[in-house]
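Both of the next two complexes hold chain A, though its partner changes from chain B to chain C.
Moving on to the complex of A and B:
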């Protein structure tokens, strides 16, 4: 029974293996959704591509690195500016986009010369920037362009530059997840260990799997500064290329997004013996727990308690104001993967919100183990959900608000259901104590926004505008 | 062993602890062994090991867990060392069963990360 075949999936019954309804008396030993598997023919996936996972999620966040996308111009647009990861150097990464702009003739005759020319052109145009990541894309991978050879040649001609290559075309995997993996493993094997670090504190760590969405990294950095902890590298929020080459110098790896970045934390443990500590950076309860664990590792518990007292005094009353007004709100979380398990219990404990449905685009079974352990019974857990499934699930659980990305957000907007951007945030940061108040504020504003109800009414007749599905 | 008390401890770990769900079976086993050993030491008044980086990692996770368990389950204060050891042993077996031996996660035994 817990695996669910929705009515809309009657012609693709294999989808039953991807949708789980948690019930009392059963657990993940009995049922676990299939995930990180190829999208089934007949289902319209919301997933992104493998290239996107490498560039948009991880590499493109760096604040000092040219992101050379070797492919048609469209590949560059789709990974530019659709995320909100600011930097403290004027948002270099969001202001510029680089592409080799491959056209038909380049595909026919090969694009290596064009890539080489583009690399030089980019370094010439930006003489202060000395770091670059080159990404292959579907067409340039298919024609066999050797981007590593080009990178080597450019580095020989320009000894002051360093280039990392990511060979992960869009078709390389079933979702963004493959791109996370390729970048993580490539970086640890090719770049970590190359540079020494100036150690300024007895306590050093890497903060892994936080991409400064809406300023998350910068907010959390305030905590580490107050605690006297030196962050050797941020992987990759507000981070620099060279700091990531120094990751081996940290005493501890603190991991937030285990899906996109768990690989490098595992390898840092295996290759350099640096322990991996997983925490949740969203939510009051979780954030406090994470800070306590980090402080216990370093033996600075008193500093940690002082910081928590200060933060709770400042932000807890505001959180409670929203909790009083959000209690009982029904929420759906349709994001990438980890935010399902990061958020389901934190919104329940800290805000009194009930999560009634969750869908993951690229989560693995590990993510479903986590979220099913934390989530409620009566809640749907969906892998790689499609539009018709979303319609049906909405009918089943009737959420008051949906945290998702702009793609599904457009869909639910047409149904006049409030949506909050669960990827790039509406008005972040959402991490940390201040951040979770921001999340609560955006949820409150979304749920109580009168515009959606007004938009649902035809003022000529006073009745609700009918919603028609494309298939009708 | 009191199964109701064991279920309470297990429920807490399932809901709160990310370390039980690391990527591979050997990582999960290492965490379960290390953290529950340290938690048992803390609950029975033994000094926890803090010599190596991994010792300190286990201590960090165990310290928070033990404080939470004491807050949530006042009966722990009255449990003697033998009962604590018994319960933690049962908890370890149950975690290994759920997250390793009977886990349906197909990636647990991949040789590479």
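Moving on to the complex of A and C:
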């Protein structure tokens, strides 16, 4: 019985197709959870919308671009102050959000004029900023506002500005994943190839699918600098709008997050013949493997080995200190999708941690193929898990720590299970060698938090349910 | 000198102060026990609002979505409403209230909410004969009003659906504080108890600050029950503390069930709290007890140490919910702070005629500006204007960068305050709230003096 119908799902039996328990001798050729399928209403799914997949995840990361959200105020309010992606220019991307603040009359009579006015105002108010992305939202898509025409008009009137449009209302697709796709394809078709790049190194690449969460991009950039590799564009961590128009100038596309950004790498291959190399940036083994592959591509293996020797000398002892103490820890991962397969084997190999349950909000079939191939037996693989399912799964697998978002983290706190922010990190970055030590440190501090022992104690009886003792 | 009331002139918003209507409706919904709001719209309309609540309260709240996808946007989302309601009812056997909250998309599509609820009611009756689930239509298109109006709208809709009959007079009091923190609810309940008044706070959000218990049970939910709402029609009176968040429900109970409605000044600061307590005394005939005279005295005693030494002539910018901003401005004047900028964040045309604002207009002897339909760019522009002096910002966490990057001290108050620990637990209303706030202002100014080496030696002896 590899597909599992949980007790809480007896009234929504179709959920059985979304939950897989891997047993010995099986792989994803035998069973694969249904994914990227319509959400069941009223289940308390964790999914977000397609608009947020475009704006919050990818476009809004850019450090020099006005994010003009054409719709009522909530779509702007909600996708602001909900991410940790700093930039090296004072976090312009996190400080501001723009909205056309659509009201009823604009819904009735159309909102194009209001959008046009809002665009001009935004450029007038911040005269140093010359780049903009305009997003549609549910109501402006439904009433059919032509945001492309407005963008064209504004660009004609302001020759020094450039505007990209994303037509991806919240109801498109079944999750935020649709928004990733729309932005990827729109960008390659409309913006890549527009600008020339100043080439300063014989080795050039784009780094794709890394959003500088907790400073990831900036940490990895140290490696590329040491290796003498010029990164033409970061898609989109700490990135700029214009660098992304130069993506066609790179020799190689290195992809970390294949789910959100694999599309543009594929198109760069198809349209410009630039090869795609997928790597995992979390974990020592994976990161080393990724750096070796990149260096092999450029023929700079020695430089790569020198970098790895230096990094391992610096960080491996610290990692091993944590590994010694984290061995056997049971971890659950409830995040978007790709981190399931990025993390399950890296925490096992590098830290001796057992991943006992994983839930993906927006992963597709290939994400589940990867994670089931890399993951262990006895582990649950869940697509679009909901709250009651989480309670039941927790009861079945009893995780010591859960990597998930802050809201679910607050929920499991009541069950005396510590969480580590699997989206924005507790104290990142988590990528690279230093980053994975950070992850190990945060996991260790979570699991050995003395408060958990106190919480488990009933002062009336003095009886405590056992929790892990802090290691010396 | 004097007060000028203006409106944002730009069409677009840069850095909004409020979320949209459905967010406010969800906040009202989670205040009810055994209630899971069902938001009829895209998934982001729910997911982000749950995250927002979690950020502010450091707690999880259950809100469901109909998960509107493209096919529903084209052909209508009727089936998804029905599936959503029935799935919730089946999987959550204790569930008693489901507010169906519309959004911009489903209002544009024009889904017949009332019609679908009728269908749901029939199905519920058939499947669960002994059980009553109140399915409440809540119309909150995001392109009207804001989270402030959405809160009010959902509250009123729940009362309209649940409080349908006049019950026998109970001698109880309905108290509508508006969108406040658990700390305020605890304070108001304490006042009722001290005065010997049997009252119900709508919504009772005390447990939005909930414990980690040895038995791992979860108590993070509203305490207001279906019975509380039904009993509201037999109350001796309703007192609304927030004109724009809950007063409409008091008015509804007055119009439908002749429960006298009193709208009092929101009790921020000493004077406003005095007025509220005097009103409660007047309505119930219960005297204000010695204990509250003492609490008032302790607050005055604390604030007296701060006002003319540290606060006087300091210019303050305020932003947040309208009742909060107006109340805080009144509080500021009590402690000799000068509110120079009041930002109200939506297009409600009533703000300009609010008697409290008009009264301040007569009172101020400095330049004061009230900007309606404001965004936080209005704040940033003034803070960065060398001719516009602002010594202190008071508002919620969405304005944090304005303070941080311009080196202006900022006191977090209102909703959300996710970048400071534990504020939801503290009262802002009442005497204790005034004292907490005054001391938070003082300590924020002191920190600022110290980190900027601005006469920090003053505190060498105090």
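Just so it is clear, the second predicted complex is superposed on the first by the 449 of 472 C-alpha atoms of A that agree within 3 Å, B and C clash if a C-alpha of one lies under 4 Å from a C-alpha of the other, contacts with A are read in each partner's own complex, and residues count from 1 in each chain.
Please note the rule applied: a contact is a pair of C-beta atoms (placed from the backbone, for glycine too) under 8 Å apart; a residue touches a chain by one contact, two chains touch by 3 or more.
All of these numbers come straight from a predicted model, not from anything done at the bench.
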Original post:
Does the superposition put A:321 against chain B (first), chain C (second), both, or neither?
Top reply: neither
Original post:
If you stack the two complexes on chain A, which partner ends up touching A:297: first (chain B), second (chain C), both, or neither?
Top reply: first
Original post:
Is A:312 touching the first partner chain B, the second partner chain C, both, or neither of them?
Top reply: neither
**OP:** State whether A:39 touches chain B only (first), chain C only (second), both chains, or neither.
**Re:** second
Original post:
Comparing chain C with chain B, which touches more residues belonging to chain A?
Top reply: C
**OP:** Examine A:272 and indicate which partner it touches, taking first as chain B and second as chain C; both and neither are also allowed.
**Re:** neither
**OP:** Based on the superposed arrangement, let me know which partner A:263 touches: chain B (first), chain C (second), both, or neither?
**Re:** first
Original post:
Does chain B (first) or chain C (second) touch A:138, or do both, or does neither?
Top reply: second
Original post:
So which positions on chain A get touched by both chain B and chain C?
Top reply: none
**OP:** Would you tell me which residues of chain A are touching chain B in their complex?
**Re:** 27-29, 31-32, 36, 185, 251-252, 258, 262-263, 266-267, 270, 273-280, 289, 292-294, 296-299, 345, 364-366, 369-370, 373-374
Subject >> Residue ranges of chain B in contact with chain A within the complex >> reply: 14-16, 18-19, 21-24, 27, 50, 53-54, 56-57, 59-61, 63-64, 97-99, 102-107, 113
Original post:
Inside the complex, what are the residues of chain A that reach chain C?
Top reply: 8, 11-12, 38-52, 68, 71-82, 90-91, 94-104, 106-107, 114, 117-119, 121-122, 125, 137-139, 142-143, 169-175, 387-388, 405-408, 410-411, 413-416, 455-458, 465
Subject >> Touch list for chain C against partner chain A, complex >> reply: 10-16, 18-23, 36, 38, 41-45, 47-55, 58-60, 62-70, 72-73, 80-81, 83-88, 90-91, 103-105, 108-109, 141-144, 146, 210, 212-218, 220, 347, 377, 381, 397-398, 401, 405, 418
